[in-house]
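Have a look at the structure that comes next, please.
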């Protein structure tokens, strides 16, 4: 991965979050030549594996194994590398070791941009924790005094991907990413999530709605043929030399 | 102007606002080949010409003439065209005719992006009025049913430029525009404002502070040599195919 | 209408808004025995009739007539009465006479609840104007000193229905209305809007997404079979004797 | 009034607002030697005179006369001068003439501080209008170009006094004014409002609650004996040389 | 308790909070047949027992015992069951064991609705901690993977009860609960709090003020005779089939 | 220190923060006779000592020693006492012992007012932690039940000093402190920070900009000669007897 010029980092609280919420961005940038790396903090073994648990004769290990396979298959389709921190979910907690481990990933990957969860989510306390961990790890990785001598990271933009109930999470997209040309890949990755089939059509509709909004925001007379999109909220100002 | 491929529109409540707040953006995009057009809604004859009034033996007409000359000189330095609506200030009021007049400018200019004031400003009620007028004129110009048959406008991004006391205006920059290479032009334009000399150094410092912040937001290790910047707040989501 | 016990009032900026945004609520309450009355402030003749205008050989009168027919057909399907103020759109403006006319509707209808647009909408300035007009008309209608001797209105709850791009409008639903059992009626009413066919599936997906969210907010284990829903934001506190 | 050194200005939408909401501040500063001047924009003849209207055989003129007497009596008790603009209420509307009339009051009074309503109030649209008018009049009165040669006003702090349902109005007090020593005067002024007797105890409780909060915010161990207080929200930063 | 059909859960940071802030809701729902269960996370032994400490010859154990007796007496009057977690206050801290303990209470009680503190409170850091703990425990209790096989909880609505200084806590009531018919019980429960007698009249006034506001929000012409009320802020959207 | 009548407390996350952000307030109040005490939670050894680390042959101890010397020199110039908690930075974490240690400082100092960081800062997670620690320590120090018998603290106002990128931190100054007469001292203290020379002019410009704003907020016609200022955001309402 390090050989490629440009990289990106995605931090996913549970093993499927990166698929539903950022699968389009991952596939799109991979196609553009980025090496995209995904960190799954947990497998979502407790909180997001209801269907598996209902099968009976399950154990936490079995659930983790199943979820890991799904996530690896999805990552492969999207063209990204993936690693698993396995820090547990419901509740998720992150100590200093986890923070440094993620800071080290930042140092190793040197990402051009970073994706993680929304800052608030009253339905899921693991999600904001993941974003806060990501933000603090980025700050640590920027500090000359942390593991002095290593190459520090710059100031890559950080984006929150879309939570389940956006308005309740005070999440407001200021970026609409056109994922029309990679939609097939995203939908293929979505289909790896056998345990959450009820969400396949839900997230297809999310992509279609954001696509209509993207179309509106470039103007209905535009020739850009946008059908599917993903929404993102940026946490830092963008530095640019052009406003168009 | 219409021959050039790309265009931009700046709506300035008073005749000097575009210089202090958006002079860098105007010069930068002009240099990039944009035709930038400025609408000054008023000359700022009542509210922003204190020094002139204190000279004595002044009339509103004399003040307007002086302010117009300054604004034209500044626009010329920045490379932009300028027109004056002369609707009065302190208080500014806009009727339907003014709204349609501005919508017609939108139709004529077909801007790639639009700049105007902040949505709130407890120190200056003309500023939010100018932005609201700009937003509504853009909406009118998008409507097929307004002067049917004319070419409607698309959905150009709209940005608020920096107000005098940003935090009191609930203005938060999400774009920092690097204006380092055109700073000389902006400062030359600023110097046209003979009646507000006390603001020259103030706005130089604003540009330096935003420059430091821009530098921070690309990372201190970046090789980009940013010294001067302008802050902008975008009112609509950005549609893009790249997150870096 | 006045014979029925319970009533509701819907104020729609343009003639189709009530269908997309509140069609479910109208059909549902009609079915529950409410007399629902709709006021269309304009026909949306300029701003929301793009398809008609593109046909060529159009005039504002022809557009209005076509839009009125569509709206009447939709209202009939939903079981509601409808009247048209015809105050124009893009831009919409309301003088005191319009305000009193709407206040008089409040007095006549004596609604149990009121529906209108979101308080903010950067894509459409007519929408907030409609809501502000509605709120002020309600206040006038509550005043003993306005047409003294008439029966004043109480304090009916007021709800904002869903705007096109909710997060950009700072609209946050705090009520999810289960419209599953009247979805067929809403979809039939939607189909009356021949000029905006591209929105039929868009608003079907909106209803499905809000349905999934409603299901989540009653708990996935609930036996309530919610498929379609509409979101609403309440502007006043609810007075109740039960918190479940 | 002009002889006194220090002055203050209170702008009241309806003739009784200044009593309920700012009676303590008026009495307190009068006692401190301030000349406090009150502008009542309307008599509240339509919207806030329910009891009078219910008496029957009323006319708008009779209501105005009764309300004016009450307000004058209250102002006298509080030690303030009062004038009436009589621009009507429910709905209140202010044209340029009213704006200039109020700007002229600013010029004449040259207030050290200004009190008016909250910026938002979904229960009463006249209240925000009064505050916006006040703010814009202050801006006009500061402009050298408005009636050149007259003495302009400085930048007196502006405060919103407490609305009826504070949280619904997004009003947050950042100043708690100790009115314990003038409570008797405020309550005497309140009793002039014969038509709104149901509010006497309501506003006594408001004063007691704000008093308890003031006590909390100086520390329960403090020797300051605060019993009654009024809450205010400041619209501009305070300039000071001491933070205690 | 489990025999009864409907249940509710109240999580109180300190042993008296549930009385002042939710005593009316508890008594009202108990009277309606609900089994209401209260969890007191601490006795408020350090932070909210000033009067006891000032007696002298006190120990933390003595304070706890006194506070427990008061809380049990109050709960009995209100008709609710109560348990004490005794996790300490000033500062309050909750580890995973406390979280699971509370999640187990959710599983056992299966509440129809939940009451706890406001999300923010700059005067009291224990209060937001209690609410966050409550929200996360609810999430854990909803997860199939937590103690698989147990009956998970649904999605009961969660409400913040009123903090001491509402506006400073960014707390906005969107529900006003009419507690007029159980006010006697609430006041009797309040009188159990011998150590905080200065708050008896304070909270009586709170109830009267919210009562007046409730009356306003149903309309002054309403026949509902509301005198006392409690305010609540809901954290999740309400799912309903009726908007009146 | 305890002999002096009035005192103030400043809590600085890293050893230089108090200089850049509050140096003017410290010098000003010292000059007014206050005993100002500074707590530096860390030396900023990891996160804010980039220049030192780049020298090579550094260790954390050497960095700490250098930073301590700078901070002590700066504090001496400002006339304040200083102590160092040395709890580490990047990331900063505070356990109960640190909390009690700071609470004990509150008890010992009995401050008239307190200064610390902004509540939010996406660029620096240590800063909000410092402010939250400060707020909770103040609450502990107010509690009779914490170390019963000791003198509790009152309710000193707490202010956030200015973060690096104010708008991104949702920081809004409501107090502008005129530091013109002590600017020389602040700039001398700033010059002690040899390792951060790039910030000297940055913070000079911050002081000049806030100075211009302070001048604006007292009115341009004012005779107060304000050149340099510091901005502060207050966290609690101010209790006063005068609104001018």
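As written, the chain order gives the labels A, B, C, D, E and F, with residue 1 at the start of each chain.
Heads up, the rule we're going with is that a residue touches a chain if its C-beta (ideal position, glycine included) is under 8 Å from a C-beta of that chain, and two chains touch if they have at least 3 such contacts.
Note that the structure is a prediction, hence the values are computed from the model and not measured.
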| item | value |
| --- | --- |
| Taking each chain's C-alpha mean as its centre, the one farthest from chain F | C |
| Equivalent of A-B within the choices C-D, C-E or A-C, defined by over half of its residue contact pairs recurring | C-E |
| For chain A paired with chain F, centre-to-centre distance based on mean C-alpha positions, whole Å | 37 |
| Separation of chain B from chain E, taking each centre as the mean of its C-alpha atoms, in whole Å | 52 |
| Junction residues of chain C, two or more chains touched | 50, 123, 168, 173, 213, 216, 220, 236-237 |
| Overall pattern in which the protein chains touch one another (line/ring/star/complete/other) | other |
| All pairs of touching chains, each written as two labels joined by a dash | A-B, A-C, A-E, A-F, B-C, B-D, B-F, C-D, C-E, D-E, D-F, E-F |
| For the chain E and chain C complex, residues of the former touching the latter | 6, 8, 25, 28-29, 32, 112-113, 115, 142, 152-157, 159, 173-178, 213-214, 216-222, 224, 226, 229, 231-232, 234, 236-244 |
| Residue ranges of chain C in contact with chain D within the complex | 96, 99, 132, 135-136, 139-140, 143-146, 148, 235-237 |
| Complex contacts: residues of chain D adjacent to chain E | 50, 123, 164-168, 171-173, 202, 205-206, 208-209, 212-213, 216, 220 |
| List of chain B residues in touch with chain D within their complex | 45-47, 49-50, 53-54, 58, 60, 63, 90-91, 93, 122-125, 168 |
